[in-house]
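Every chain is named by a letter (A, B, C and D) in the order it is written, and numbering of its residues begins at 1.
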């Protein structure tokens, strides 16, 4: 998984340093650190992982091993409006797959990708627990319930 | 005289209802009360989940137990003006009984609640989870006080053992015995871990408890700490549960402020504190050894047991891991006694179990029933039966580790062993109901898709075997399966179960095996007849024109995105099967029922 | 000791508590097949992830099958290791592994040495019923090691070697599920990573996922080129292991046969790295005494301890991890590089061949040596002092390819002048040897006395970390020895913290020293082989008439004719080097 | 927040706090308590029902009687307003008409405390006004 090359600024490194320090530079806190760092940067580019590894005094291979293990962590920047489709069982049996297909079609991207303009990104997630509203789609913080494929266009229109 | 609060308006603040703007409902209600000068007579309380997620957002009016469903922020004014001021219920917001089409005013009379006994969920939808005082008012921390002041650790363990409580997270290991083993492990440091990494797709009971009653988990963990000799607790919680995390953080602060966590709890000299650890999206971390590795900052790969966490767990120290629902049962057991608890349920499974009802069922939601309740009672009485009057086909219990049960299993009492005997399992309590429109081969494939995605990759049968199972199922749903594939499925499933390292792999073929066992005909029709009777498997579907009904209006041909429909005006049309992408547009556009799926 | 009685395949066995089923079975002659399991008992290295599930056995009363490698015996267990259920499961598991493995066995570098291949053979697998998607990854070729991750079976042995034993931390399991493999961060190329090329990962890889870069074809071409004079040097540890490839018992010395095989292969001169090892002692020993005496005289500029610098993996390790201490190791080049440097100057002049026409090849128990000779500071106008390095394994392959009946070869001697060596040079091949050789010379130079006994038993052994105090006629010299980079790290951290008590430290990257090098014949988990090689090295030393480096007549002559004196200007130029700060040298691609 | 330093303090704290939750606690199991419904339609409010309801809640609380007081819409006895329906646990409900503060006091003292009937009962033939 190679990622887009970025150059970290001094202040970014200072920010990562601060996050690591807030966890006492403890290698056992790696996952908590990565959560915080991802919240700050939006994703976890290789350069950021390198700094984290350095600060926590662990191998960057291990950091990468952890990043690639957990689906919550991403090395690809999310779109400005990240779209997440719940593919939990409740949503699945109520047609989440068709909704997902429609999003793919409308946006012409695959799961895990972002639109070329960086506006939308598409991801699946497992059960947000709003099974009463199945199928559920989240766009950023906003949750849409009982989404059917023909509603997809309308949802996307909200972000024009 | 000072006005006394005579009415509580409980607004569900669970994730499901929040997703439907329940926080705005709360704000609107408060606003309306203020406008009408009623702030001192009625108060709005945000609670945890009521369980009846199907019809959320829910507002419940106390003391008359009026249960308003699918409330919108704009309904606040009417509720205040009609109900609070005039005492008239807002009829249109009341729940309608699907059986007799009548409004049900009092939640006590709803079929959904009638059969439930709430122990783990007793405070959910009842108290404000962000207010420790409401928890204290409901016997909160009394059990901890009792244990610390009046019992020895052995006494506490004995009560839990006698109660017959078994782990609610999946395996059903006796909780008291687990505590005892951890107590007996000698070490200078021990840990209590709460497994809140609920990962079953379609299960949300742990989240609801954490959101609706976070203190019960803290109290139970402290009790466990005292019993096993630990002074540190960790809650491993999914990062996907921001609301639960927020409420846990508030609860931990409040408990610390009252001295119910921290040093010298209730003046007994007992120290115990709790920290949060976040999961990061890995289902396998529900397995306790994987969970521990994840808490240590590593890849969440399971390790072979023994050693069990009770002996060698977090940072190599004895660690007691229980899940949220298990912990939620602890304080009531201590308060009311093991006999009270043991009297509920069946001979081999005591107490209650929380289930997340979802799928093609009328009342999607969270329920708690005594062990031994039948599937029929749960699905048809509490769950209100199948949506849109369709026919019940199967119920999947136990999440990706479980199996699909059918009509013939509906009357078995739900408990750990009976479900296993029927080819499924209790799991964490997900219950997905399927109807005649669900293709069981596709359902098995769906679960394998999940397992393949969530396998950690450490052991070869799970890493490669599940992938191959999924591929074979894919072949079958595409209509390219052979009878040999079916025997491969069977052998592979058995070997994966037999050889996988952890519970994930040891159970991942269950959806395949149980659907093969119960829906063999469907497999055969996919493989031999090349037909998917539920009409789910696209490749096996054919859209055809019924010549008798076709009037040649050309609506279908005009709308076909791939132009595979030909025919002159007023002539019978024809669909070219090689080009057809089975999008279904023609079926939708035809006004004359001239298109059929075969 | 508490014992346990159990039944395995109807045989009763009594074992100590804590014995695994695998060990108990072995005790009564039942060899349960394994794949990911690795136990280098003598080196204290164990890999027991319980991941491959090949060693599963049936345990009566247990719901599922149990991995024999990870399951402890318990009283009264009844175990079946080859019931139909076990055989079917084991076969299916291996079929699954094969279904995600390339089918290029015939041309795989590991063919014939592949544990997966032999397992498939042992289990009688004739078909792979479960076909499907295969994982594909980019092949990564570095100066020393090739990674072909498609062949990774997630046994995690390399990960254990790289992280726990060597603490290098280049390799980690990455991704999840079907896509899980072992790879460097960001799947970057090894040459962009902090890899030391110690090759311990290659040594333990059961398949062809990790192999060394092959230089044999280049060698065959050079040997056939009439324009070129091709000379060879052979490291001491090679002669103690090469015989294994020809079915000889581990620990059989084949120095003479090796020399004669090399001559048969067509080398123009067959020399010995041991010659350069003696030269190393002259330089490094002198440097030690120099720094020691300055230090004792109170010179604050001079730092102790002095660290050996013969091992290229170790050099790269400290360049990455401890660059702030790069003035501590001896500046002496490794024997391989000293040999090359002298060969392409002194010897080239002697035989009147231009250095560009003189091909210097080394036979090394090592893969890092391949990298070492590619380092820029060891080149003159782009021409490397040592052109390339061949591993022990590659040499064995070449001998076989050239139809040489190794076992019936006569014993021959090395050529002169660079073939003469002492026992001190031979022991370079094992942990503790370099420092013992240095002590032999330094003692006599420092005290002016002749050693009564050249054997310093206190410096020998296979413990990962050792220390000894040698009495230099009143001066107590504290010596530390580490082999395995994880052990080295411990000593380095001590130095960094200012807590080191040593005057001199010998460090070898590989467990056991060069005898356990990354280029040696595969031991397939049998660590007794390392022990046997260790013994053989000391046997060779003992058999030598000359056992102190400064007594090597050709070395004496070399200084007289060419170099002048140790640490002199010419020596400094040709035999010493400098180190780089590679801390920031991580590229992300 | 001050720390709770013993089990005894915790019990006191609970007693103090549970009053605030009493309303919900009682409505959870209303059949265990006396249930009073006050007719609160427009006409009821005009005739002083709200005053009566407030009085009942206040006084029941003061006099230590556990009861669930709810309001309900028009009971259909406009002529007799304000009206209240009282249901003692296990007994049939009774409706009182023309309830003013004095009458309310009498109902509390006699009927609620001792089960003595007081004047002003409206004969009804249904089980509960809500159903």
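Everything that follows uses one rule, which is that a contact is a pair of C-beta atoms (placed from the backbone, for glycine too) under 8 Å apart; a residue touches a chain by one contact, two chains touch by 3 or more.
If you're wondering where the values come from, they're calculated on a predicted model, not measured in any experiment.
For chain D, the chain whose average C-alpha position is most distant is C.
Chain A has its Cα centroid nearest to the centroid of all protein Cα atoms in the structure.
More inter-chain C-beta contacts link the pair B-D than the other of B-D and A-C. Between chain B and chain D the centroid-to-centroid distance comes to 39 Å (mean Cα coordinates, whole Å).
Each chain gets a centre from the mean of its Cα atoms; for chain A and chain C, those two points are 43 Å apart. With centres defined as mean CA coordinates, chain B is found 23 Å away from chain A.
Spacing of chain B relative to chain C, judged by their CA centroids, is 54 angstrom. For chain A, the set of residues that touch two or more other chains comprises 62, 65, 69, 71. Shown for chain C are the residues that touch two or more other chains, namely 173, 175-176. Within chain B, the positions touching two or more other chains are listed as 282, 299, 453, 456. Every pair of chains meeting the touch criterion is listed here: A-B, A-C, B-C, B-D. Interface of chain C with chain B (complex): residues 49-53, 56, 64-65, 67, 70-72, 85, 88-89, 92-93, 96-97, 99-100, 129-130, 132-133, 153-154, 173, 175-180.
By the touch rule above, chain A contacts chain C in their complex via residues 1-3, 5, 46-47, 49-50, 53, 58-65, 68-69, 71. Chain A meets chain B in the complex at residues 26-32, 34-35, 62, 65-66, 69-73, 87-90, 92-94, 125-134, 136, 143, 145. Against chain A, in their complex, chain C makes its touches with residues 163, 168-176, 183-187, 193-194, 586, 588-589.
Listing the residues of chain B that touch chain A in their complex gives 14-16, 19-20, 52-56, 199-204, 207-208, 239-241, 277-283, 294-300, 315, 356, 358-360, 364-365, 396, 399, 430, 432, 434, 438, 443, 446-447, 450, 453, 456.
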